[in-house]
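Structure first, commentary second.
Residue numbering begins at 1 within each chain, and the chains themselves are lettered A, B and C in the order written.
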Amino acid sequence: MKKTKTLLVALAVGLMSSTAAIAGDVRVMWYSDGVEGEVIKDLLDRFMKENPGINVILDDVGYKVVQEQLPVELEAGRGPDIARVTNLKTLADHWLDLTPHIADPAYWQANFGDQFDWMRPDGSKIIPGFMTQLTLTGGFANKTLFEQAGVEIPGADATWDEWVEAAGKVQESQQLNAAIAIDRSGHRISAPIVSYGGNYIGPDRMPAPIDEGVKTFARKLVEWTETGRMNKETWVSAAGTTYRAGIDDFINAQVAYYYSGSWQIAALSSKIGDAFDWVATGSPCGTEACTGLPGGAALVGIKYTQNPEEVGKVMDYLASEAVVKEFTERTLFLPAHKSVAAGALDFKTDDANVKGALDVFVKATGQVHPNANALPAWKWATPIYGVLVTRISQVMAGELSIDDAFVRIDEDIKAQVEAAQ
Amino acid sequence: MTVSSPRRVLSGAGAILMAPVALVARLLDPPLSALQRVGGTNGMAAFFLLPNMAVFGIFVLFPLVINIIYSMTGGTALFLTDRTFVGAAQYQRLFDCRSYVDPKSCTDDLFWTAVWNTAGFVVVQVVFMVVVALVTALVLNRDLKARSFWRAVFFFPVLLSPVVVGLVWRWILQRQGLLNFGLYELGLTPVNWLVERNWAFAAAVGVSIWAHVGFYALILLAGLQAIPKDLYEAAEMDGTRPARVFWRITLPLLAPNLLVVLVLVLIRAVQIFDEVYVLTGGGPGTATLYLTQYIYEVGFASFLRNPGLASAASILMGAVLIVLTLFQLGIARRNEMRGKR
Amino acid sequence: MSRVTEFIFRRRGGRGWHWTDAFTWFWLIGGFVMMFGPAIWLVNSSFKSPAALAEFPPTILPYVTAAATVEGHEKPLPLYEVTQPDGSTKVLAEVRRVGTVAQMVDPAVPGETVRVNIQDRKPVREVAFAVTNYVQPFLSFDFFRYLRNSVFVTVMATIITLLTNSMAAFALSKYNFRGRSFVMLIIIATLMVPLSVILVPLYSAITAMGLSNSLWGVILPTVATPTGVFMLRQYMLTIPDELIDAARMDKASEWQIYWRIILPLTAPALAVLAIFSVVWRWNDFLWPLIVLTRRELFTLQIALNTYAGETNIQWHFLLAMTVVTMIPVVLVFVFLQRFITTGIAGAGLK
């Protein structure tokens, strides 16, 4: 709370609780998509045994809290001591500079340095934290369905059109509901947009008017929906920026091809089991590139902590090579740590599909187009993702013509920029 | 051997629970009587109002006033002191339309889409909700065996959280959901309930009725049971036709409860959010995008939040509602007068 | 009993069926299926494994693929019903599957593997309740602490709600003072304000009072429910003023009138409000989510939300714990509803 506080104090009925942090306490706000909550709990328990003076409290919360509540708390100058977040750039002003509190900044720089720009204000040189995992968007094909249909899986340099055509043949031969599914998310479609030459970032680092790349892929999406190649409800049955995953259709072998990302591997493995064989395919090509879009979640220190020294110790422990390696192997995440990524990883799974898929994604990391690589470090990326989803799904629902949608997209982005000034 | 009935055990437990409360109430009497001697009878009215109004003032009214100030500021910052004053700019944006009936002609087309969607939803939902609640109450008021069981049946969904309600119905209505599975087994053509505009709207109305009808039926049932039986007997002696009895006795005497129900249903309908948000997400397209969802998305959920715009929209929504309330209060006042005559 | 009353209210045996009787039963049975069906399905689903939950089309009961231990294989192998080339069927265990061809083995003859096209086999399924959905959260999830927090919030909020709302409703229904309509208007006007609208200013107020990350910060803003005041006031208006006048003649203080006359007579409405308060506070989600960020203060609903991640929701745990959190409200309703029965009957006698 800043100045408003003085105004409000007059109204206070009484101080009922003390929120002062006890020295030595470190609160970690964490959300989980799968088993990573249990893994981190294990690791922290081990840390506390080795460092009896530091009491780490893991606040396991829903993603909604991280996304909607944490920003409010941060603006009030409060919050946990460490948090696992995905909104790295927008909130970058609230992260703690760990440099004076960690043992070996050079180690951090060498292993995590490539992603620091994703999570610090433009031009700043601080070390705010590290990525708990990297993600990369990419596709998954139902190998068994392709085999049953006698259609060959398109190769590494196949374009989106070729993929949809091949998946369409599978759809017809196997009586599927649709050929492909793509998550309802602006982040997901931004990779193909870049592949088709799209670039959101203007010369002044502000949002540029949408270009041909955006328009080309948006037209394709709408066309696939209209011709029944793409599953309608994933995109149409929601308004606004609501996220909807297309994973259920893929799990149930209702689509031949699913475009999502590396983070789905663990879920696919546990939910598909032995029902069919699936492979990761990297990202299909556009006219300019065959890129995926990188991203991920980071563990960052919070500027408002009372115990920065302890925070540094916890972060040092969690960022150490052995711990990152164990975390990665148990959670089936792609590691962000350079030497862990370079070394041999023994992922804890006996599903052959998983190891193959992880290899494909690790390889695809090397083919990321510079325009895609720039997006995670650009603060206007997420608002644009939201606008794209909102408007394109309206076109799919038949509420807007595609050309009106393009006009609206530009207007919406402009309004967002103005509102934020 | 005697076994005490569950009800007796309960009322016994109730008495034990109430004993300390009664003691406190008695202890409070002397100081409060003194207060009454100082403040007079009407002064006590202020005392009775105070606790509620204090809480109300701090936690509802004050934020509401602040909200009006928010609506005149811009930027993405959350706290008022960090925000810049922009005057009526947010309202100008919302009202910038060539035609209010056609959302596409507006700068903020989604706001007006939400406005008209909400209006349509309110009209349809309020009518159906009141009718279904009334029919349910009339049915439950009949001489049924195990009436409390049947009442519980209809009340049960009220106990569920809105998120659960939306979710369960989503699973039932989605393309590969339980309902289509059933239709398929019966040899009927499945319908993509949540992707067809009209069906999605019907689903939103239906699910919100499903979730809350027990609440309103209960209020109406209490009213029906309070109608003296001898009125009906007198009507019967006069040879009045049953339909006429319903219109002339049941409905007028039920009017106070109906009014409560109407007000509450209307308010809840305008504020509809959680269950529909989980059920349809506002889709297909924007067919079930309602005002609260719009406000929530603009102010909270989108990555670049715009609290000023959200506040302006919410204040417009509140203004419309106050007009509606005044209108309903007018009816209530007239009824009270008639009751006194 | 008169014919008209009977006509509208009840059916007596022996005189044949009127259409209203048929309608009543149609409504009751239809209501039973509509109201309980989805809930029963919810409970059913909570016993399904993650894979079964994602399955299209859904099954009514939780099924898993049957497995059998076959000599020479460490892990149990899944069983399939295989259609033989001659049209007969046989149950075989699958050793492994490569693409569209499965290598299968007859459990009775473990030595021989048979190659089967996967289109010719159907899994043998058996009903199995995934009890781990319930057990696992109890082990890793601090259930009893969350339960205690939820109970504390619900009970305190309900008591304070009943007290403050009934006092305010009494003042607004039985006193004539200047500004009464105005107060009423404000209360009803704010009925209209959805929480999401005042979230930010409300959060500022709570923080300024030092109530964030405190259960009282969850309780206090909810207790001045306009709905409660409105409902109780409407009910109190039906209490005859003569009762109060008579009590005043007997020199009863205003507090005594409230306590000894108004409250008992309002009991049915209070019981209804109590039920709703319990249900509302128990199910509250958005506000506690904003106020509470520390695990030791979580209420059950907030703790449940932990299972909702960014891209993946652990439905199996979420559903199981939802069912568990439903139990207390259902119990409260079952118990309190007896009081309503007597309360409403009592009100009907007057």
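Here are a few things to note about the model shown:
As a convention for this text, contacts are C-beta pairs under 8 Å (C-beta built on N, C-alpha and C of every residue); 3 or more make two chains touch, one makes a residue touch a chain.
Remember, predicted model here, so these are calculated numbers, not experimental data.
Greatest centre-to-centre distance from chain A is found for B, with centres as Cα means.
Chain centres defined as mean CA positions place C nearest to the mean of all protein CA atoms. Counting contacting C-beta pairs between every two chains, the top pair is B-C. Mean C-alpha position of chain B lies 17 Å from that of chain C. If you average the CA atoms of chain A and of chain B, the two centres end up 38 Å from each other. Centre-to-centre separation between chain A and chain C, using Cα means, comes to 33 Å.
Multi-chain contact residues, meaning those touching two or more other chains, occur in chain A at positions 1, 4, 11, 13, 68, 72, 76, 252, 254. Among all residues of chain B, those that touch two or more other chains are 58, 62, 78-80, 176, 300. Across the assembly, chain C contributes residues 56, 200, 204-205 that each touch 2 or more other chains. By the touch rule above, chain A contacts chain C in their complex via residues 1, 4-5, 7-9, 11-19, 27, 29, 31-34, 37-38, 57-65, 68-70, 72-73, 76, 78-80, 86, 143-144, 147-148, 243, 245, 247-249, 251-252, 254, 263-264, 267, 270-274, 277, 297.
Listed in rising order, the residues of chain C touching chain B in the complex are 2-5, 7-12, 20, 23-24, 27-28, 31-32, 34-36, 38-39, 41-42, 45, 56-58, 163-165, 167-168, 170-172, 175-177, 183-194, 196-202, 204-205, 220-221, 223-224, 226-227, 229-231, 234, 237-238, 248, 253-256, 258-259, 268-269, 272, 276, 279, 283, 285, 301, 322, 326, 329-330, 333-335, 337-341, 344-345, 347-348, 350. Chain C meets chain A in the complex at residues 50-51, 54-56, 78, 94, 97-100, 118-119, 140, 200, 203-205, 207-214, 216-217, 289-290, 293-295, 302, 305-312, 314.
Only residues 6-7, 10, 14, 25, 28-29, 32-33, 36, 41-42, 44-46, 48-49, 51-53, 55-56, 58-64, 66-67, 70, 78-80, 135-136, 138-139, 141-144, 148, 150-164, 168-169, 171-172, 176-178, 180-181, 184, 210, 214-215, 218-219, 221-222, 225-227, 229, 232-233, 235-237, 240, 242, 245-246, 250, 256-257, 259-260, 263-264, 267, 270-271, 273-274, 292, 295-296, 299-300, 307, 310-311, 314, 317-318, 321-322, 325-326, 329, 336 of chain B touch chain C when the two sit together in their complex. Chain A makes touch with chain B in their complex at residues 1-4, 11, 13, 67-68, 71-72, 75-76, 87, 90, 177, 232-233, 236-242, 244, 252, 254, 382-383, 385-386, 390, 393-394, 396-400, 404, 408, 411, 415-416, 419-421.
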